[in-house]
Each structure stands twice: as C-alpha cells, then as structure tokens.
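For reference, the structures are reproduced in the following blocks.
Here come two complexes built around subunit A, the first alongside subunit B, the second alongside subunit C.
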Partner chain A sequence: MTTTIVLQQAINGVVFGSLYVLVALGLTLIYGVLVQINFAHADFVTLGAFAAYFFMHLIGAGYILSIGVAFLVGAALGWLINASIFTPLRRKGNELLPLIATIGVSVMMQNLMLAWFGPIPYAFETQYSSQVIRFAGIFVSWQNIIIIAVSSVTIALLYAFMKFTFLGKALRAVSQDRETAGLMGINPNYLIMLTFVIASALAGMAGAMLAPVLVLTPFAGTSVIVKAFAIVIIGGFGNVEGTILAGLIVGLIESYTTQFLDPGLIDIVVFALLLLMLAIKPTGLIAERREENV
Partner chain B sequence: MSDSAISQRLGSGKTMLRSRPMGYFLAALCIIALPLIFNDTYWRTNLTICAINVLLALGLDFILGYTGQLNLGHSAFYGLGAYVSTLLIIKLGIPFWAAFVAGVAFAGLAGMFLSLFAVRLRGHYLAIASLGFAVIIYQILLNWISLTQGPLGIYGISPPPAIVVGGTVIADFRNLTAFFYLVSGFTLLVYLLLDQLVRSPVGETLTAIREDEVSAASLGINGAAWKVFAFGLGAAVAGAAGCFYASFVGTLVPDAFYVNEAFTILAMVIVGGMGTLIGPVFGAILLTLLPEILRGMGDLRLVVYGAALTFVVLFMPGGLVQAARMVQDKLRPGGRGS
Partner chain C sequence: MTVTFRALVAGVAAVGFLAASQATYAQDKTIKIGALFPMSGPGSYFGAQDKQGVELALEQLNKDGVNGYKFVVQYEDSSCAPLPATQAAKRLIEQFKPDVIIGEECSDATLAVMPIVEQAKVPLLNAGSSSIKVTEPGNPWTFRIMPNEVMQGVNLAENAYKRINARNAVLLFENTNAGIGNGQVFKENFTRLGGKVLAEIGFGRDVNDFTAIATRIAGLGKIDVIPTYTLEGQGLKITQALAQAGITKGGGGDAIQIGTIWLPFGFEQKAGKAALGYIRIVQFDPTDTRNVVKDFITTFKAKYNADPTHLNAHAYDQIMLIADVVKRGGKDPQSIRDGLAATKNYSGVTGSVEFDKTNQNTKMDTVHYMETKPDMSWTSLKWN
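Showing the complex of A and B:
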C-alpha cells in the first residue's frame, strides 16, 4: 500500500517537476546570456495557458495543436519584452532596473487578465484528462503522460540545440563572454533576442500543459514562478543541468509534502531549501563541476 | 548619465526646499492642516493609510535606494510587525507600546537575518530570497491557524491607549484625527532621523557601498555589515508601519501582507524617486490616492501601478524628483545646468 502511494506520488512529482523545469529553464537561459531576470515570465505561462484554452474552446482545435499555439504566443511575448524593456534598459547598465521594470509589466499583465478573464477559475479539460491507465495499482492519466513526454522531448531538443548546433554554441559563447563572442563575429543582440524567444516559448508551452492539471486563473503562473525562481537558485543560476535536476527535486518534494505532511507547507519547505542553499552553497547544485571544466 | 549619478545629484535635495528647518515646519503645518481640511471619515481614513504607506516606502527606500539591495519582500516585515504586536497584546496582554517596540524589533531582526543570507551574493539572489521570504511569511500567517486564525483573521484589535495627563484626555486614538496625527508625527520623526543618518558619514559609507562595494572595502568599509544594518533598519520601519496598521484597521488577515503589497511599496519608491527621501514620500501619497480616485475603473485601476512602475523605470528613472528638477531647471534658464 505504502509503496503504491510512494510510486503514485513519484509520478505526480515528475509531472509537476518537468513543468517547473520548462519554466525555470527559460529563466536560467536568460540569466545565462544577459544576467537579468524577467519577472513577467510567470505571466507568459498564464497567457500561454489562456491562449491554448481559447484556441481549443473557440476554434475547436485539438489539444496538441493548442500547445503549439501557446508556444508561439510565448515566443511573441518574449520578442516583445526584449524589444520593449531589456534592449532599451541595457544601455543604462543598472543590473536591477530591468527586474523592477518587468515587475511592473507583470502587475499590468495580471490585472489586465483579471479584468478580461475574471477571477473565476476556468475548467481547462482535455480529452486526455479523463483517460486513465491503471498499472499495478497506480493511476496515470494520458494528460500526465503527454506532459512528461512533451517536456522530455522539448528539454532534449533544447539540450541538443545548445550542444550541437552553431547557434547553440554561439549562445553559450555569448553567455560565457559577450564581448569576446562579439569579436568572433557573433551578433550578441540577435542571440539575446533568440534567447528571449526560446525561453518565453517554453513558458507559454508549459502554461498550456499546466492549466489542465492545475487551475486556470489570471494568477496561475505566479504560483509556479515562485517555485521556478527557487529551482533556478537551487540548481545554480545559468546552469541547465542543475536546473533540470533541481526542478525534478522540487516537484518530488512538493508531491511528498502534499501526501505526508500538509499542502500548506510546500512553499515553506521549498524556500527553506532555497535559504539553506544560499547559506551553504550559493553557486547551486552543479556549479562546482562547471568550474572545474574552465 | 548613469542612474546612480542622477540619484546622487538629486540626493542633495537642497534645491527642493530652501532650508531644512523650514521644510520640516511646512511639513508639520501640512500634517496639522490636512485632517481639518478633509473632515469626513473617508478622507481621514485615506490620510492615515497614506501616512502608513509613506512609512513603508521610506523603509524600503533606505534599503533599496541607499544600499542598492532589491528587497522584494517588504510586505513580510510589514506583516511581522502587525502580527507580532497584535498577538502579544491579545495573547499575553502586553501593553500597546511595549508590543509596538517588540514588533519593530522582531521585524528588524528578521530583516537582518534575511540580509545575512544574501549579502555576499549578487543583487538578484537577494531579490529572489526576499521574495521567497515574503511567500514563507504569508504561508505561515495563513496556515498557523492556532496562532493567527489563518484566513479568518483577527478581529476587534483596539487602538493604542489614550494619552491621559493628570486626568484629562489629551489624545484619544479612537478619534481618526488623533490617529492620523500619531502616525504622521511618527513618520515625520522617522524621516528626520533617516535624513540625519543619510547626510552623516554613515550615509556616505552606504552610498560608497552602493556605488562600488569593492572600492569601499579597499577603504576599510565592511560592506556586508553595513548592508545588514541598513536592511534591519528599513525592515524595522516597516514593522512600525505594521503595528500602526493593525491598531488602525482593527482587523488582520494574511492577504493584507501578500507579495503584491511588496510590489505596491516598490512602485511607490520607484515612482517617487529611489535614493532620495522626499521622493518616496510623494510616490506613496500619489499611488495611495490615485487608485482611490480611479475606483470607478474596477480591476483596471491596479494596472496603473504596473504601468507607473514600468514607464517610470524606462523613461524617468529618477521618478517624481527627477521630473520636479527638470521643471525647475526649465523655469530658471541660466540656473544650474546638468
């Protein structure tokens, strides 16, 4: 009995963990290239979710296609925030001003969504939510399988892109040393734009997959982003492997806290871990290995 | 011109007011006159809320504007001050002013504790750690039901005891005007103290750390210790605001101290002009009264906060103070050029 519960919660943890990874990867990619934080990232998640919801319910399109739409909406938002906030502020050279400006964008977007969509949660049900596979006493819905599959494929593609393509290598070069990369003929402004587009597309997509398993309100993204921030710090800012590991750990912590302790304690446990990390090893889980490589 | 240069130039607020004693005199006059001009309950309530928000903005500005620490969890210290003082009064029967001191001290110590964690790291780490701290405090207030009554809230909190000298009541704080005088008088006092502090060698030390911590360290300044001190002081001021809030409103619910409140206070500081003390005062007054005036707009009125925050950072990073100076320079051609 207990083994079943542990396994069941492990699956739930991986489902949420992989979504957190998608959101946190965007934050960490942007931090890696620009050493900046986009606070409105959370609202890109929410808007991606709403885009998918309305695409499905107004046009009657399939769920998988609507994940693609959320991806595109996220990408467009990423381009927009880079062009309107980060590019103009980069010249001022203050490390905290862009973060403050995007907090403003986030407050604006949340309240605009609240005015348009209302505070009542939307029931985002897909045909996959009710289809359940039963295996050795464990229940897995197709929705969860889709989440795990799509997230893993996306993360693998992103990883391959960063490791093997020219653009990916250029991106890593820019995050290591923007000026030298510029001297090698890499256009940093183009790559920064590309990073925002990719990162935000991941957020939009995560929103489309998150909404059916969580509630869809104008504040849906906010509950996730706070954990994503914690994940980014626990994993090491700008570190892709660390972020993936930390995301899965936080997902598992969350599902086991819900099962064995109290759902109200989730944020407290996650942030206690964050503060502990800051006190003991502020470079994050995997940063040390990276330093050895240098 | 870099933003820090702007705020530095604005920091010498001599052009705003001809002389300081005159400025304080005018401020005191304003405080005395305001509740006499606005003599209905609605506006007197708003005035007191304004004074509380000014106090919050001053505390945050001291942390953010003077030591460059981006604190996204100011709501946590506000909430700690409110809950600690109220619980001490209700559960242990401690007198109001003793509980006030305890609430302020608790918030200040919490601020120092948080700052200790992130003080060695880049500004972004502190931003996220403080945001996380605010989330934790909110969750504790919400979930520790046996102590805080969770979302149900605490009701019937009494105002501070009346000041009685020789049998005559001098100030009864059930009276809105008396309460306003109490909070705004305290706020003026805090302003005076912070103003003295930032113009003293301590203020110069803090500015040096904000501008370049490494160079400051080479001059023998312990940057970490000063940052922790500044964070603690700013958080303590927020704690005082929380004590006043609880006894003024009479009701405490965790939602009053949700993270959004921290962003609201941040907007007040930024819109007013961070790194100056006078700026956040006007930022807080403007952003407290503006949504009241725009109440007919419903949910959209909160969009104003976000828009103000974003557009001020993009186009006028010195806030209202920078705008005022630009107008002043325009009006006096041949005066101080930039």
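Showing the complex of A and C:
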C-alpha cells in the first residue's frame, strides 16, 4: 500500500517536474546568455497553450501536432518581440531598459489575451486525458506519458545541442564571456536572438503540454512561473543541468508534500529550500562558470 | 425688427433654460450603482458573467425607468482579492459616488470592502460571497441575498448523510475564508449526525496539479462523498484528477463529489464524464416554473444567444432588487439601505429575498440541488 503510494507520487512528481523543467529551461537560457530575467516568459507559456488549443479545436488537428504548432508559435513570437522591443532597447546600452520592458510585454500580453480569449476557463481536453493505464494500484494517463516522453526528448535534444553543436558551444561561450566570444568571431546579437527563439519555443511547447493539466485562462502561465524562477535559482542560474535536476526535485517535493504533509505547505517547503540553497550554496546545485571582467 | 429679435433671443433663452432644467432633472434622477466584480485573475469568469446579468437588467429598467429614475453602473475590477477590492471600492466611492454598490463575489474581497462601505455609508448588496463573517457580525450597510456557508453547509451535510447515505467524507477546499468556512460547517454538521471526515485537504489558488491530491485520497479507503469548495478552474482539474484516480463515479469509483454554490452551469460539459454523479447546490434553477424565471431565461437567450448561469441570474437579481427598493422610495444611499432592510418576500430569479437583523437573506428557496447525469446534462433534485 505505502510502496504503491510512494511510487505513484514519484510518477506524479516526475510528470510535473518535467513541465517545470521545460518552462525553467527557457528562463535559464536567457539568463545564461543575457544575464537578464524575462518576466514575460510566463505569457509565452500561456500563448503556446492557447495556440495548441485553437489549433486543435478550430482546425481539428491532433494533440501531438498542436504541441509542434505551439513550439513554432512560441519561436516566432520570441523572434518578433526580441527584434522589435528588446534588441532596440539593448542597443541603448542600459541593461535596465530591456528588463523593465519584459514586465511591460508581460502585462501587455496578458491583457491582449484577456481581450481575445476572455476570462472564462477553457477546458483543454485531449483524447489522451481520459485514457488511463492502471497497473498494480498505479495509474497514469496517456496525457502524462506524453508529457514525460516529449519533455525527455526535448531536454535531451537541447542538452545535445548545447554540448555538441557549434552553435551550442557558441551560446555557452557567449554566456561565459560575451566580449571574448565576440573577439573570437562569434556574433553575440545573432546568438541572443537564437536564445530568445529557443527559450520562447520551449515555453510555447510547455504551454501546450501544461494546458490540459492546468487551468487554461490568460493568466495560466503565471501560476507556474514563480516555481520556475525558484527552480532556476535552486539549479544554478544559467545552468541547464542544474535546472533539469532542480525541476525534477521540485516536482517530487510537491507530490510528497501533498502526500505526507499538506498541499497548502508546498510553497513553504519549496521556498524554504530556495532560501537554504541561497544561504548554503548561492551558486545553485550546479554552478554556471562565468568570467568576471575586471 | 428689434422687438422680433428680442423675442427670438428671449425664446431661445427660455428654451435653453428649460432644456438645462430638464438636463439637471434628468441628471438628478439617476441611481448610480457601483459594481465590484473580478475582471482579472482566476475569478474573472465571475465578472464576465455578472456583467451580462447586470446589462440585461439595465436594458429592461432603463426603457421606462423606475419612479422617474434611470440606472447607471460603473464597473471596477476587484480581482477576487482583498487589496484590489479595497482599492476599487475607494475609487468608486471617491470618484463615482455611488448610491449603492453590488459585489464582490469572493468572500475575502467582500470582507475587505465592508469597512469601507460602512465608513462611507453606502449600502453594499452582495450575491456571491458565502463566508458567515459577511453578515455575522456584519455591518448595517452590507446585505447578502445568497445563502451563507452555514445555511448551505448544514443543508448539504444533512442531505449527504440522510439522502446519499454517506458516512465517510474527504474535504477539499481552497485556503480562503469561504473555502475553509464552507469545509468547517460541513464537517461540524456531518460529524454531528454521525459521519466521519477522513481528511481535510486545503490548497492555494496556485496549485495546478491535483493528481498528487487524488493519489492521497485514493489511499484513504472507502469514501462516500467529497465536498469540494473551489473556483471553476481548479474545480475542473480536481474532478478530472479524482476520476483518473478511480475514486469518483466518473472514474468508475463509488465516491460522489458534492459542493455548494461555487461552480457555474456548463461546468459538467467542461469536466466531461469525470463529473458524472456530481451533486451541487446552484443558486438558480432554470427548471423553476415561476414567471420571473421564465422571462429571465427568454430575455437572456434573446440578448446573448446562450443559456443563463447562476452568476448571470444573481447579478440580474441584485439590480432588480435595487430597482424594487427605488420603486418603494429609495433614492440615495440611506434610503436605499433602509429600503433593502425593509424588503419582504421579494421574488427574484434565484429565489425570494427577506433579510434578518444581520442583513442575511433568510429564504432557503435560493438553494437548489442538481446532479450531473451520464450524458453530462443535469437534473434538478428538488431537495428544498
């Protein structure tokens, strides 16, 4: 009985942890390259969710395809907003302006979505939500299996991209020392754009997978973004491996806190861990190497 | 020529004076209603549906007016939370200077607004907050037409025990005044009758994943009823998670989800077959055969091409009750307050209204039970 529950909660934790990782990876990528927090990231998640919803319900497409569409919508929007808002502000040389602009973009996107989609929660049901596999007291829906599978493949591909491709290595070089990377012939502006596109695409994809799980309203993304920030800090700001590890840990903490303590204590436990991490190991679980120019 | 010109000027001046007098008269003969509705955040579905009910009532009332008065409404976003609600109430009172205020929906927001309306001496007519604290001890300026958490909770616990034959319950509630209060009232009355509460599980409005909660409930043994107190969005996810875990009827289990006035009509279609067997109190019964209900449904469908929800209905009732008070002589905050207090057997769409000394509506015909059927439609249980 107890083993079954422990195992079941582990599955629950991994499912939600995977979603947190996808959201947090975008944040950590942008921070790693730009040393900037993107407060509008949550709204890219929400827009991805709505893109998938309308692609499914208006066109009648399948859920898996709609995840791909949300990925592309996120990527396109990331490119558009970076090119039209963040890049011109960054050129002015004041690092505070793009940071404030992310707050402005967030408020604008939330209100635009509120005007377009209305405040009433959408029911985003897929054919996989109600299909449940039951085995030896354990249950898992096909929806959750898809979440774990798509998240794992995406995370693995991103990891491989960062570790083994030229562009990935260039991104890491820019995140470690932007000026020296520029002297080596790397175009930082191009890589910043690429970072925004990848981060926003991941957010859009996360939205498509979160939508059937969370309550789909124009404010849906904000409900996970605070946890995503905590995960980025616990994992080590800017570090991909640390973010993956921290995301899974937070997912498991949520499940086991619900089981053995109280769901009302989840935030207390997660943010106590965050404070503990800041006090004991402020660089996070895995510290990102970064050169300080003096 | 000069005389004619002077006469013309005098005539124009007289007409202008009369027009100005009429304008002043028309301006004076307006009842200003401030509306504190959640327009953003997780409770924003309340505001959207409330506004529809208000607009329908205004359209009907302003055709001919009431006692020479027309009605104007100013909406403010109170966000279902104390801080934005108090800011919105202050904005309304300082800038719009309303004769009466309607709203909020969420108890925490209403409780925060009550001292402000009391200080400003503007009556607040509430139709959506269930916390007992709204009327006990309450204040002379706040009135509530919906049944409070005790009226609903006592009734729900008795029906769960006697009609559903439930003996074991698990409470699920959001950690707000209304959520906790509703849960406690059920617990006290259900255990008093001999029932047992196996677990009380509270959660914040930011909780997304209810699979973990459903897993915990699945490990608690035999459960008959799961009283659930949460907003629509989280309510959907809870219902689906309970079915996925095989706990409720919708997932092949035995437990029945029950609840008080939190969820609008249309919830069952969104939740899908997971909602099978869900029994809940609604504030408005579309199968009610009274003319006021039939007329409301007809005019609502004509205006919005949709079936009305209980939120549409109770917002409509708030405006219509104010109009009734104006008909009885209400014209400013004090007389509207006194008129509300003197209301006897007012028949609204959601039921009848008559306030006790705490300004709580005492009529139980506002409590309607419905059960979700296998085809995701619902049936009225006629338990009251």
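Going forward, the second predicted complex is superposed on the first by the 280 of 294 C-alpha atoms of A that agree within 3 Å, B and C clash if a C-alpha of one lies under 4 Å from a C-alpha of the other, contacts with A are read in each partner's own complex, and residues count from 1 in each chain.
Keep in mind that, in the parts below, a residue touches a chain if its C-beta (ideal position, glycine included) is under 8 Å from a C-beta of that chain, and two chains touch if they have at least 3 such contacts.
Note that the structure is predicted; figures quoted are calculated from it, not measured.
Considered on the superposed subunit A, subunit B and subunit C are sterically incompatible, since they clash.
In the superposition on chain A, no contact is made by A:Met184 with either subunit B or subunit C. Legend: residue contacts after superposition of the two complexes on their common chain; A:Phe139 is shown touching subunit C, with no touch to subunit B. Contacts of A:Leu65 after superposition on the shared chain: neither subunit B nor subunit C is touched. When the shared chain is aligned, subunit B comes close enough to touch A:Phe237, but subunit C does not. When the two structures are aligned on the shared chain, A:Ile100 is found in touch with subunit B, with no touch to subunit C. By the touch criterion stated above, A:Ala149 is placed in contact with neither subunit B nor subunit C. In the superposition on chain A, A:Ala160 contacts neither subunit B nor subunit C. Legend: residue contacts after superposition of the two complexes on their common chain; A:Ala83 is shown touching neither subunit B nor subunit C.
Legend: residue contacts after superposition of the two complexes on their common chain; A:Asp262 is shown touching both subunit B and subunit C.
Working note: subunit B versus subunit C after chain A overlay, options 2-10, 20-28, 38-46 or 290-298, clashing stretch identified as 38-46. In the three-chain superposition model, subunit A touches both subunit B and subunit C at residues 114, 226, 262, 264, 267.
Within the complex formed with subunit B, the subunit A residues making contact are 31, 35, 37, 85, 88-89, 92-97, 99-112, 114-115, 226, 229-230, 232-233, 237, 262, 264-265, 267-268, 271-272, 274-275, 278-279, 282.
Subunit C contributes residues 39-42, 44-45, 47-49, 175, 201-204, 206-209, 211-213, 215-216, 219, 232-234, 236-237, 240, 243-246, 251, 269-274 to its touches with subunit A in the complex.
The touching residues of subunit A, when paired with subunit C in their complex, are 1, 4-5, 8-9, 12-13, 15-16, 114, 118-121, 123, 125, 129-130, 132, 134, 139, 141, 144, 210, 213-215, 217, 219, 223-224, 226, 254-255, 258-259, 262-264, 266-267. By the touch rule above, subunit B contacts subunit A in their complex via residues 2-4, 68, 70, 72, 117-118, 120-125, 127-129, 131-133, 135-136, 139-140, 142-143, 260, 263, 266-267, 270, 298-300, 302-303, 305-311, 313-314, 317.
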